[in-house]
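Structures are listed in the sections that come next.
What follows is subunit A paired twice: with subunit B in the first complex and subunit C in the second.
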Partner chain A sequence: MVKISFEKLNSLFEKISEKYDLFVPTKKNDGQSYFEKWEQGKTVSDDLNTVRSAKDFFFPQHEDIVSFKLDGKNIEITDERREVRPFVMFGVRACDVRSFSILDKVFLSEPVDTFYKAKREKGIVISLACQKPSETCFCTTFGIDPTEPEGDIRAWKGNDCYYLEGVTEKGNALLSELSLEECDRTEVDAQIENTKKILDRLPLGKLDTDSFGGDKLKELFDSEKWASLSESCLGCGTCTFVCPTCQCYDIKDFETGHGVKRYRCWDSCMYSDFTKMAHGNPRLTQLERFRQRFMHKLVYFPANNSGEFGCVGCGRCLNKCPISMNIVKVMKTLKGEN
Partner chain B sequence: MIEEVLIPKLGVVTDIRIDTPDVKTFRVVAPDGKKVFEHIPGQCAMLSIPGVGEAMFSITSSPTNTEFMEFSIKKCGCLTDWLHHMEVGQQVTIRGPYGNGFPVDTVFKGKNLLFIAGGIGLAPLRSVINYVRHYRDSYGTIDIVYGSRSMDDLVDYKEIINEWCVEEGVNVHLTIDREQEGWDGHVGFVPNYVKELGFDTNKTVIICGPPIMIKFTLAGLSELGFDKTQVFTTMELKMKCGVGKCGRCNIGSKYVCKDGPVFRCDELDELPNEY
Partner chain C sequence: MQEVMKNKAKELLASGEVRAVIGWKKGEFCYDITPAVFTNAEEIDNGFIYDDFCGANLSKYLIKEAHKDGKVLVFLKPCDTYSFNQLLSEHRINREKVYVVGVSCDGKVDIEKIKRTVGDGIIALSSDGDKISVETLYDKYEINRADALAERCVNCKSKKHVAYDELLGDEGEVLDSKRFDEVEMIENMTADERFEFWRNELSRCIRCNACRNVCPACSCEKCIFDNDNSGYVNKAPVTSFEENMFHIIRAFHVAGRCTDCGECSRVCPQGIPLHLLNRKFIKDINTLYGDYQAGEDPEARGPLTSYTEKDPEPSVVTDKE
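Let's turn to the complex of A and B:
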């Protein structure tokens, strides 16, 4: 384990920035935190969640796939993939780090999504342990340990320094470039112990997941409770946009004036045209669309991925849904607790 | 750089055949004149006109055709409308093949086959029919029940009459919804016709058509004693990526683009009724 004092943090970031694009969570004027490219004067926010999850780094809201030039009956195709500059993300929370391995299962399974893979290979994740998990946090429900997050390097914020520990080869390589001061784990261990006490008392920390999973398809799909659960859903899609594991996308063409750009962008199963075809729509009302989102996370994804749920308990949907509907309420209601 | 599935290849339309008032069949090859890629019967491809749209279509030609691929496409939306207005020589973009296809070399081998199609639903089955006709000795009897609204709506009527109907061991049963001048064949809906024909259950059934036709035909087949494990169908839902990642063509935990589009009917029963 190594450490870096708060006073020296800027010089460390400067050093990292020489070789990498460095992104850190910073507070904006709206009082909320966002990942932004680090530059002198930017400080690391202590907020638990950034407004938008860290999935943006590997699966941006939109990206160009290919472009076309049209000339009479002829089409010219140009690959729009670009070299990705190596980058470092500092301060990614345990929930968001776990979301990467969930997204990996989608994008790195055959046939590999080369856009995603290129970014994944060039990105180094420095995670940051949580000290004050909030009441909307429930990552522990899904077996995530926020006191010892995954990542290439994991970090803890101490009283006057950050502690860093290499986890992967990529992480250790970066740490060795930075030649930081060796230290012991005393403060880190004390912090972990303290955080664990808070985690034990979290209201949503130990949700029962036994009623969900790939083998519960029919009974959950046919539940009468979807009607009341989805009744007030506005279909705004906010939950899917802030969700670190939502990865549905659309492919669209854009006429640039001198050709056509084909890009992909985030889409949402909450939208009515998501499944709309010329001959009809299999998900006609918000009930079907709402059900799809939660069935995907709690049943379909586990069915295809050895039981792993498609939720990391970050709590963003709990904070952002305009009608205060969220996966926790859905789980509790389907189980008969609400 | 390694290949990216979302980046399409070029295709050239070398022939356009008018099949019905709203169905045309497009012949597509690569710019070098060869086939763009190989496929198995029942697989699909993404065709696109940049700036207009990209959509999934079943490959209607058989893989035994070594020269080109064909797509029978019904005019029913933005992209298909554009395709119907294009001329020979037009380039399109194409990627694929996608999906599992029919088990022509395993389950179907040696079996008596009963094809049931309605309207444009013949498009994905034509690939299988012409494949099994090519390897005739590997399969038992072939029955084809095909129905459409009118005589003019039978897709590629010429091939049906000139090739299928005259082939030994291939029994073609055509029907149209309403009486029509010049038609002396059967009149009536496909599900009833299947029941009237009263097939022996020693057959594997391959069915495609409008959902309502499939629903009633399945009921009819069940009355005749067919088991759902004997019946295969091919599905269609909205698709964007074609490889199970964009998230929209799922029925329960199965993606139609990747785990389908071909399903055995008892497998469909295990999935939620959302298609």
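Let's turn to the complex of A and C:
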């Protein structure tokens, strides 16, 4: 384990920035935190969650794929893929780090999504342990340990320094380039013990997931409770766009007048044209769209991925849904607790 | 107040006068309230709530609910009744199928403001007059209720219900609010500063459509931005032009119809002060066409949808700087 004092953090960031684009969570004037490219003067926010999740780095909201240009009878085709500069993300929380391995299962299995893969290979994740979890946090429900997050390097914020520990080969390689001061784990161990006591008191920390999973498909799909659960859903895309594991996208063509730009952008199962096909739309009302989102995370995803749920318990949908409907209320209602 | 409302709801459900009640349902915590349709006394007893966090405007749900058989009871706060009237004047709600119970409102509290003061981990909240006591996983706090009020309530335009069948609690007055102060501040910026202000705000837009979907004035059955055949469908704000365009078109479309209920800003996950765009239009309409409050009178003809010889010429806009 190595450490870097708060005073020296800027020079560390400077050093990282020589070879990499460095992104850190910073507070904006709306009082919320966003990942932004680090430059002198930018400080790391202590907020738990950024508004948008860290999935943006590997799976951005929109990305150009290819363009077609008409020239007489010729069509010029250009691959719009951009070269990605190696980058480092500092301060990613345990829930968001876990979301990467969930997205990997989707984008890195055959057929491999080369756009995602290119970014994934160029990115180094420095995670940051949580110390003051929120009432809306429930990552522990899904077996995530926010005191010892995954990532290439994991970090803890101490009283006057950050502690860093290499986890993967990529992480250790970066750490060895930075030549930081070796130290012991005393403060880190004390912090972990303290945070674990708080985790035990989280109101949503131990949600029961026994009623969900791939084998519960029919009974959950047919539940009569979806009607009342989806009743006041506005059909906006907030939950899906702030969610670190939502991965559906649409491919659109933009007509430029003399050609076409083809791009992909996030889609939302909450939208009326989601999975609209030539024959029409299989999900005609908000009930079916709403059900899709939760069935995907709690039933379909585990069915295809050895029981792993498609939720990391970050709590963003709890904080951001305009009508305060969310996966926790859905789970509790389907189980008959609400 | 909450108990009186619950009894009223149960009474009208029991007598068969209404088949359903649109109200607010309590959540997991003390602040995460969901609009809900209640159909029996048991549901009312178990979940109905009316407190500081019932900010959601329920009027838009009537478009769907008042299309069903039977009558529906809806609880509306003063500002919600303006939206209700506006929807009536646009023939979006069948008035005969709705029983409106007006409820008084002391302003609603914005949980985001509280979180910014006390931090994360709120596990208990209680309101006592001017003070709100908050208990988090880490500490206890007492904050002034006035400091936690939602922006739209700080600048409340009216405590008066402009539509109801029955009123619970006291009736209030139309207020002399300071809601145009911030608009004036933006008007006084230079064009470049103003552009920078709005770019800074709108650049955060993720096009989740929450502002549009919650807006009682946005009641088109098929929005142009959802219509594949329109040529304007864009699910992501791919360029700054698109970020701006969506909000500018929306502001134009609701101009003269927006009651300034403030739901757009309440629901924006990115904290964009969208209400300021609408207020600019309201202020300009007041100046150019005479004072007009959308939703005040369902029979009134809107300034932008009626013609008079005194209407300003287009030059009031085109001749400006």
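Here is the rule we use: the second predicted complex is superposed on the first by the 330 of 338 C-alpha atoms of A that agree within 3 Å, B and C clash if a C-alpha of one lies under 4 Å from a C-alpha of the other, contacts with A are read in each partner's own complex, and residues count from 1 in each chain.
To be clear about the criterion, contacts are C-beta pairs under 8 Å (C-beta built on N, C-alpha and C of every residue); 3 or more make two chains touch, one makes a residue touch a chain.
Predicted model, so just to flag it, every value in this text is computed and none were measured.
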Three-chain arrangement built on subunit A, subunit B and subunit C clash or fit: fit
Partner chain(s) touched by A:Leu12 [first = subunit B, second = subunit C, both, neither]: neither
Included angle at subunit A between vectors to subunit C and subunit B, based on C-alpha centres and rounded to the nearest 10 degrees: 90
Contacts of A:Asp267 with subunit B and subunit C, given as first, second, both or neither: both
Partner chain(s) touched by A:Lys218 [first = subunit B, second = subunit C, both, neither]: first
Which of subunit B and subunit C A:Val84 touches, first, second, both or neither: neither
Which of subunit B and subunit C A:Ile65 touches, first, second, both or neither: first
Which of subunit B and subunit C A:Asp250 touches, first, second, both or neither: both
Contacts of A:Ser134 with subunit B and subunit C, given as first, second, both or neither: second
First (subunit B), second (subunit C), both or neither touched by A:Val106: first
Gap in Å between nearest CA atoms once subunit C and subunit B share a frame through chain A: 8
Where subunit A meets both subunit C and subunit B, residue numbers: 250, 255, 267, 276
Subunit A residues touching subunit C - in the complex, by the definition given at the top: 28-32, 34, 48, 51-52, 61-62, 132-136, 198, 201-204, 228, 231-232, 234-238, 240-242, 250, 252, 254-255, 263, 265-268, 271-273, 276, 318, 320, 322-326, 328-329, 332
Contact set on subunit B toward subunit A in their complex: 1-10, 50-54, 76-77, 80, 87, 89-93, 236-238, 240-241, 243-250, 252-253, 270-272, 274-275
Residue ranges of subunit A in contact with subunit B within the complex: 65-66, 68, 70, 73-75, 77, 79, 81, 106-107, 109, 111-115, 214, 217-218, 221-222, 247-251, 253, 255, 260, 262, 264, 267, 269, 274-279, 282-283, 288, 292, 295-296, 299-301, 303-304
Residue numbers on subunit C that touch subunit A, as the complex places them: 27-29, 32-37, 56, 61, 112, 116, 119-123, 136-138, 200, 204, 206-210, 212-214, 226, 228, 231, 233-238, 266-267, 269-272
